[in-house]
Amino acid sequence: MELLKRILYILLYPGLIYCVIGGLILAGIDRKLLARMQKRIGPPILQPFYDFFKLLGKETIVPRNAAKKAFLAAPVIGLISLITVSLFIPVFKFSPFSTYADLIVVIYLLTIPAVALIVGGSASGSPYAGVGISREMVAIISYELPMVVSLLAIAKKVGLALNNGVMTFSLSQIVEYQAQNGPLFTKLSIIPAFIAMLLVIPCKVGSLPFDIAEAEIEICEGPLVEYSGAPLAIFKLNHAIKMLVMTSLFVTLFLSGAGTGILAIDAVIQFILMLVVMFFSITLLKAITARLRVEQTLKFYWTYPTALAILSLILVYFGL
Amino acid sequence: MSNKNIKVKDYIIKSAADFFTPIGLVLGLYIILHGHLSPGGGFQGGVIVASAVVLIYLGYGFEVSTKTFKPNVLKKSEAIGALMYTFFALLGIFYAANFCRNVFFNVGNPGDLFSSGTIFLMNAAVGYKVLTGVGFLILLMFGLLANKEE
Amino acid sequence: MTQHLPILSIITLFIGAFIVALIKEKNEILRNTIVLIATFLSFIFTVMMYKPIISEGNILTYWMGNWEPIKDWAIGIGLEVDQLSLFFGLFISLSIVLSALYSFRYIERETGKDKYYVLFLMMSASVMGFIFTGDLFNMYVMIEIMTFASVALTAFRNDRPEAVEAGFKYIAIGSIGSSLILLATVIIYAQFHTLNLAQLAGELYNNYTVTTIFALALMIAGYAVKVFAVPTHFVAPDAYMVAPSSISMLFSGIVNKAAVYGILRIIYVVYQSMNLPSMQFLLIFWGTVTMFIGVTMALAQHDFKRLLAFHSISQIGYVITGIGLTTALGITGGLYHALNHTLFKGLLFLCAGAVFYATGTTDLDKLGGLAKRMPQTALIFLIGAFSISGIPPFNGFVSKWIIYQASYEAGYAPVTIIALIVSVMTLASFIKVAQSAFFGQLPKEFKNVEEVPLSMRIPMWIMAILCILGGIIPSTVTKYLITPAADAVMNSAKYVEVMMGREFASKFYNNLGNAPIIDYKLAGYWQPIAWLILFGILLLAFTLVAVLGGFNPKKFSYADVEDAKYDVFYSGESAEFSHVGGSDLFWGLKYQFRHYFDFMHKIHSGLVNDYALSVVLTAAVILLYVFTFVR
Amino acid sequence: MKFPYLKEAVKSLFSKPSTENFPKEVKEAPEGYRGKIAFYPEKCVNCGMCIRVCAPGAITRTIEKVEDGDKITFQFYMGQCTFCQLCQDFCARKAIELTKDYLMIAEDEEDLMVRGTFIKKAPPKPPVPPAKPATTATNSAENKKEEVKSE
Amino acid sequence: MLLMNYITCIILIVLGLYTIVSKKNLMKIVIGMGLLDYGINLLLRSIGFKAGGTAPIFTINELDKSSFFVDPVPQALTLTSIVIGACVTALALALVVMINKHYGTLDTDKVRRLKG
Amino acid sequence: MFEKLIQKGLEKSAWLYHLNTGSCNGCDIELVSVITPRYDAERFGFKIAGSPRHADIIVVSGPITSQSRDRLIRTLAQVPDPKVVVSLGSCPRSCNVFNGSYCVEGPLDKYTPIDVAIAGCPPKPEAIMAGLVRAVEILKEKRRAMK
């Protein structure tokens, strides 16, 4: 029975089906909202589904220069690691597998899709992809610093309260702390980290001001330039699920709380909060900014968000 | 060594080499063999013996010294010397003691030449290894110089 | 038999070296057989020590020539193998076997093979001797033989000017390092009139005088030169780059590790100085600087092996940081990373060697697209690259994460942050290698490149599998290898007690220490099997959907024929060779840090005087630091 | 860091979109739009002016002899037209008109053709023996050249 | 008397290091390495010396901290150290010869193909 | 079921790849105006893709100049099946005023069959959208034929 429940979790709620459907709906809402902000009607909310199924029906071409196996395996590896991450992120207090993974495992698993994108692009053998993967890598280097520092701040903050000062990266402990003391973003010391994380999400997801890697106008979508058909569909799916996972991680880290204890209601609340986060960090930013250059991205992330995150870390050490 | 065809640069050096080579050889061998009795031992003796190579080179030039001491033989001999040493050292293990243990040490009276078991043999092995090794080294270096002169 | 194992595992290699010297150069089969037998026997002897030492917790001591201590005074030369030594010995002897196996084909086109194998075996034997010895002067002798053989092997391809140059630089810098170690040894001997490590440990316990501190500073500086910590690292990339790959692997896998072992032995067991915060700070700071500078320099390289060499420096920085943290977790992380570094760096060097064997060059600007011609090598390379970048589920992830956790728990938050950034930069530079060597377009001159022979692939595969295993079952590895070694590091009293006997240690120590208990309860890396199973289930589900759901696999098209459809997209231009090489892959990053990179390039001047000066200055700074802060 | 469009984006999020609902309500083209050509064959006198002024040569004329005159077919190929309106302007009899119909989508070439056929009654036959050779204006450029020469 | 030894060996070591750091000739660097070695060897010899001590030929029963003879261990160590020093010098010289063959110079400023 | 979904997807989301083969840029501007808020082709799922590998509909504008001919052929070959070629404006259909120029290599249908032609010089954005909607029908038919 327990096993069956586990498999159900894996395949159904925080797992495969939820990720695919939730991610695609999230992406659809994102596109719709963006369109509305640009005074357009915009595509239907189910548009990402259509894109996905259309791409599944298309021919898959493997270019002659490509390393075939890496080229085809990369998207699948990325997708699966994303879904695995999704299983580890608690929905308020409900966490089917969270004890097996903590924050750093989640963060590391979240780099796998980026690495998969890089390896896939690299394997396609196109110079556009070469430029794209270099940009993707610089983006990773950019956002990793503020993200890590803000996570360390959270770990210390939670550890000070629950573990006698020994830091914790356990997601369930972070949720527990928030259940006891209210959401983390209400704490004075965490607010800079909150903002920094909010700024990290668009780059992690690869949305507009920081989508330097997949700039379709400049470099023909960078690493994806040679992909077609089903692998491309999976990459697009990855993109959507990354949005879902990042926002839900963000909600768990900063906006989580006691919850109602009923899974269905919690899930809906979580999803609404995710939508709010997505609106502010992805959609709004996408609507009002233009694409940055690669070294501008690096400069941006290593100045403002890093400064905010370090401020947060210092405040935590002062016990605020 | 008394080959008349060899061109000798300087007869003084040649005569000196002729004179000192046997002395060096004997002294070196003495030091090797009495390593367990008096200060000295395989290494020091070996180096003194190897100085004969230098003397011959100085007196007769590179060709004669390579003819006298064949580099290949020297090289192989060095390995043989090392193997001999390890063999004598391993004897300790065969005789149910530790590595490098001196076995047969109760043969002969203390102070005699043949008195200290395998230490004597080890000394000889080291001496052999060093004299060949250093000799080879010296020949090699002279060889580099000789090639350069050409 | 058991008591003779330490000496046997050393002497086998020496005997092998001497026998190989006797064999004619052309007789390859006999020579290879002897090399293989010697290395393998040594490995077997080392493994046989596992049961008495790690399983049963004993410590083997071995007095050469039965010269046992008299009246608590060690007069003979002793070997002592405790858990720490054996831990190092195990993976070192393994990598020796693998390197030997790899060498047979790799080196076949060179001349002077007999010399190669003699030096190879001498180096291996000296490392084993260094690890197992219990005598301070023996450590010096062994590390000097090691340096000597390393230099000769560095200059092995002496028809290349670079090789000779690197050899000279290595011996000049290395001899300064050895001299520092020797000087320290001399000073310690002058103070205590003994060279036995255990006896020294007893004498030095809480006994800091000016002389001993002076010796300590020199010791640290000397081993830092051998470990290639940062201001003394300049020769490492040169030497690693020009040496044959099987030797580069041993440089980073065993020579470096031997020096790490030396540092551990000196500061933890002989001096027991790691309870001083100033010593911890020194090592942590040093390790952090080392890892950062190593990785940033690696980003700027365009030669495969030179890049790997800089990474080697960087990863050693992790190890030093780990062992500098002093907590049980930190030491565990450091030792685990040392093990992992041997595996994945050896793997990567072997990959570089395979590339060199197949194409004749390691210049990343000339390579490209080799994954099509050498698929297995490419796969192995990717495993190694992901391991070193700390991507789950490979072994680098586990050890790096232990180090992060340990450093953050110890209150060194900046160290944690830098370590993470370094990890990302490591990934970046390996992406660069992957892109410019294995993926992308295949240059015309490499059209007929073939996969390397089986005997070269076997060692690579063994290491790759070990890399994966180390990531999947970290709890097992830790339980059966790392924790005993960490125990041995933390409880030096036991070492002293067994070596000197007759309750020698209890004169100095109050208690003989207990095994540290580490709480892994909240660490997610600890059960990677759990999420790997998830990974597997998802993969299965996904495949099922893909197979059953009409993914139309029929319409999957791939061809190797000249058809425009399968060309790479060049905005419609006809296919031409336009490969994005390694040099210009990260211009965005390099542009932002151009002042830093300019400065670093100026520092790595290639001038042997500068390198020597930096070593001398390092020694001076450490002397100053130690005299100011260590009391 | 400035975000000049922040206000506008939020404002337009809550206002009506400015998108036209195209396929449901097809807007009429503005005044003066030059769209698909309409040809009124009953007005045409076969003067050939339109063929002469057409730059891309989209207008072709075929003349067939029938019993009581010539059966003349004007053919306007929309796939070649630049919609410059010169033919309309030059047509003295207003037989050509550019309508506001802009939805010219075709899967087939034929759908883009606008044709008009009329029979020009032959004038009462004068006794002039050599009749002009039947000019099938397939290539207007050639025609022009000839005429330039003749002028 | 012994102080003189110590001063000399310190001078030798410092001179050796100075030579390695400042001299631009490869041969001189090798000489510097030699100087460094000799300094340490001298130190090693000096610490075992006891004024008026006898030669260290004894039986095992006489071994004591208060025995009055020259410490034999440093002598053995010095010997080993000399052997190693000789080997290192030999190897370094061989490399210098090779460098001279490849580069045609002994100037360190010109022997810097590996850098950056 | 899957086939149905794919058909639906093809209907609702067709990505364009715009290929300028020597056009005067009139048509290109009109094509861009299709994705502006006023016309907003995205509500039908049309999107301009960056690479021919992602595209379903190739929109060709301009007569085929000798410079662009090889590039056209190569790019068309690189589009995965099913694909639809749409000629935008008069030029690809018949070379328009450029007909007979020394550097024009004839109309598009010399090299590939044109599935949908949108006439106009340039066509109005509405016309382009109508043409694309027609192209989607053909796309679905082609997918059916592929099976």
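Letters A, B, C, D, E and F name the chains as they come in the text, with residue numbers starting at 1 for each one.
In the analysis below, contacts are C-beta pairs under 8 Å (C-beta built on N, C-alpha and C of every residue); 3 or more make two chains touch, one makes a residue touch a chain.
Since the structure is predicted, the reported quantities are computational estimates derived from the model, not experimental observations.
Engineer: Starting at subunit B, find the fewest moves between touching chains needed to arrive at subunit D.
Structural biologist: Counted as steps through touching chains, the separation is 3.
Engineer: Touching both subunit C and subunit E: give me those chains, sorted by label.
Structural biologist: A chain counts here if it touches both subunit C and subunit E, which gives B.
Engineer: Which chains contact both subunit D and subunit E?
Structural biologist: Neighbours common to subunit D and subunit E are absent.
Engineer: Per the definition at the top, count C-beta pairs in contact and tell me whether A-F or A-C has more.
Structural biologist: Most C-beta pairs in contact, of the two: A-C.
Engineer: Which chain would you call central, comparing Cα centres to the global Cα centre?
Structural biologist: C
Engineer: Among the chains, which is located farthest from subunit A on the basis of C-alpha centroids?
Structural biologist: That would be chain B.
Engineer: Comparing centres built from CA atoms, which chain ends up most distant from subunit F?
Structural biologist: Greatest centre separation from subunit F goes to chain B.
Engineer: Could you tell me the distance, in whole angstrom, between the mean C-alpha positions of subunit A and subunit D?
Structural biologist: The answer is 56 Å.
Engineer: How many angstrom lie between the centres of subunit B and subunit C, each centre taken as the mean Cα position?
Structural biologist: Spacing between the chain centres: roughly 39 Å.
Engineer: So how far apart, in whole Å, are subunit B and subunit E when each is placed at the average of its C-alpha atoms?
Structural biologist: 23
Engineer: From the mean C-alpha coordinate of subunit C to that of subunit D, what's the distance rounded to whole Å?
Structural biologist: Measuring from centre to centre gives 81 Å for this pair.
Engineer: Which subunit E residues sit where two or more other chains touch them?
Structural biologist: In subunit E, no residue touches at least two other chains, as defined above.
Engineer: Going by the touch rule set out above, which residues of subunit A reach two or more other chains?
Structural biologist: 35, 38-42, 56-61, 128, 220, 225-226, 229 - these are the residues of subunit A that touch more than one other chain.
Engineer: Which positions in subunit B touch two or more other chains at once?
Structural biologist: none
Engineer: So, with touch as defined above, which chain pairs make the list?
Structural biologist: Taking the chains two at a time, the touching pairs are A-C, A-D, A-F, B-C, B-E, C-E, C-F, D-F.
Engineer: State the interface residues of subunit A toward subunit C in the complex, per the touch definition above.
Structural biologist: Touching subunit C from subunit A are residues 7, 10-11, 15-16, 56-70, 76, 79-81, 83-84, 87-88, 97, 100-106, 108-109, 111-112, 115, 118-119, 122-128, 130-131, 133-135, 137-138, 140-141, 144-145, 148-149, 152, 155-156, 166-170, 173, 220, 225-226, 229-230, 293-295, 297-299, 302, 313.
Engineer: Show which residues of subunit F lie in contact with subunit C when the two form their complex.
Structural biologist: 2-3, 19, 51-53, 68, 70-75, 77-78, 81, 146
Engineer: Mind listing the subunit C positions that touch subunit F in their complex?
Structural biologist: Touch residues, subunit C against subunit F: 549-550, 555, 563-565, 567, 569, 571-574.
Engineer: List the residues on subunit E that touch subunit B in their complex, please.
Structural biologist: 55, 79, 83, 90, 93-94, 97
Engineer: Please output the residues of subunit A touching subunit F within their complex, sorted ascending.
Structural biologist: Within the complex, subunit A contacts subunit F at residues 31, 35, 38-44, 46-47, 49-61, 128, 216-217, 219-221, 224-229, 232.
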